[in-house]
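Structure in structure tokens, see below.
Chains here go by letter, A, B and C, matching the order in which they are written, and residues are numbered from 1 within each.
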Amino acid sequence: MSRKVVITGVPGVGKSTVIDGALERLKELGREYWPISFGTAMFELASERGLVSDRDEMRRLDQDVQKELQSGAARAIAQISDDVIVDTHCTVKTPGGFLPGLPIWVLEELKPDVFVLVETDPDQILGRRILDESRIRDLEGYGEIRTHQEFNRFIAASYAMVSGCTVKIINNPDFLLEKALADLVEVLR
Amino acid sequence: MSRKVVITGVPGVGKSTVIDGALERLKELGREYWPISFGTAMFELASERGLVSDRDEMRRLDQDVQKELQSGAARAIAQISDDVIVDTHCTVKTPGGFLPGLPIWVLEELKPDVFVLVETDPDQILGRRILDESRIRDLEGYGEIRTHQEFNRFIAASYAMVSGCTVKIINNPDFLLEKALADLVEVLR
Amino acid sequence: MSRKVVITGVPGVGKSTVIDGALERLKELGREYWPISFGTAMFELASERGLVSDRDEMRRLDQDVQKELQSGAARAIAQISDDVIVDTHCTVKTPGGFLPGLPIWVLEELKPDVFVLVETDPDQILGRRILDESRIRDLEGYGEIRTHQEFNRFIAASYAMVSGCTVKIINNPDFLLEKALADLVEVLR
């Protein structure tokens, strides 16, 4: 059976860099994973069904439709016969609070084997966000980023309880990307 | 569809003050929520069914009957067509440990949209408990109150995973009630 | 109905000492619990079914078979008419991350009443592991043990949400075993 790895991290933690680097190293080892963005999978499903014509419209969809798209995307990913690494949000910080990225209806379809949390010191995340000029992000402070990362651990534990997946914390601090990549490769190989 | 907000906080955190103040401000803005006490809803259901004649008898009910009353109260609240704010306990501290206030059978009926945790520094909670002469409470120390608040965050994350609700942390520190009210109004408006 | 208590703690926390001591004191009080090791219950079930001949083979079983053995062992324990105390792992630390000891399919069969976490300061656990010559264990540092204990609290909260059990934290520090035993006896009596 194919292996399903979910990988998450707060904005600015360097998730994409870690994923890309690890997949490259794995390829050199003859081990392949199919990288999937959960958001893109949902958007493609919504487009196919004629519900949206661009990504901005996703947010305006009815809550029940969004739930159905989440389940549908999870179901589609679960049917892929290759090993996959699914890039998504553990929780999304919204004005109404932390929104779970993998509610039970997603977990029951996706059935992940491993759930990865990419983390680092909130100060470093703050620094990376400030340097990243490509995206405009709300400026959060140290305490808020820490709380978000902590809450992600709390909810990741409940994801494991429901799906039976393991939860792996990968630390991605400044100057130690190679260590983070080696840790992730170790989990994925 | 009506909006269902659940609001919780450890004893002494000032939950009632925050709820009352926010609902008053919302009314001024022309926005109404129906405030519901989950404990009262359970008691009323038990009275209707002739199971109890006063609230003290609730505790002595058989565990399966209590579960059935929890589900029943949650179902009744879910059917209300107005927006509701449900005041309950995230967990109750009992001699046997932390008891979940919203086990899965409650969440599956209630389907909350937002789960609010009202929090503040344990020292301030301790101070408020000592000053509150209207209730006799077991005296807990700083560490115990901190652990209770932390555990409430942990379990709130699992409530979100099952129901898909957001989890909003509202800080209610001394001298800053207006800020707490503004934060809650922002979530509820 | 019989009472089902689950007791967990990271390796080296002194779980067995606490269980044995508490059960002895309870016996003196005329209160009996049947101690069960969840791992042994799973192994016995696997042996009965001719799946394994020794415990080492358990690990090599197919994942679906392991799940079925977990459910089966939980179901068998749930049918015991005596009060039981089930010794198991809250999470197991594996190379792929923290693996839940009581995923939802175990909780739904077992329906525990109380979930106990035996904890102490990571430094003391480190010290006990070094002194315990009977077992060879991977040497973890303070931070790793702390993270493991914290993660166990997070997931215990989700166990409570699903099963409705209480979560009791029993502190088992150096020189204070009698206090830990008294606390556990208080919960079990």
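Just so it is clear, a residue touches a chain if its C-beta (ideal position, glycine included) is under 8 Å from a C-beta of that chain, and two chains touch if they have at least 3 such contacts.
What you see is a predicted model, and the numbers here were worked out from it, not measured in a lab.
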Overall pattern in which the protein chains touch one another (line/ring/star/complete/other): complete
C-alpha-based rotation, chain A on chain C, 0 to 180 degrees, nearest 5: 120
Whole-Å gap separating chain A and chain B, where each centre is the average of the chain's CA atoms: 31
Overlap residues in chain C, where contacts from two or more other chains coincide: 154, 157-158, 161-162
Chain A-touching residues of chain B, taken from the complex the two chains share: 113-116, 153-154, 156-158, 160-164, 166-169, 186-187
Sites on chain B touched by chain C in the complex: 67, 91, 94-100, 102-105, 107, 147, 150-151, 154-155, 157-159, 161-162
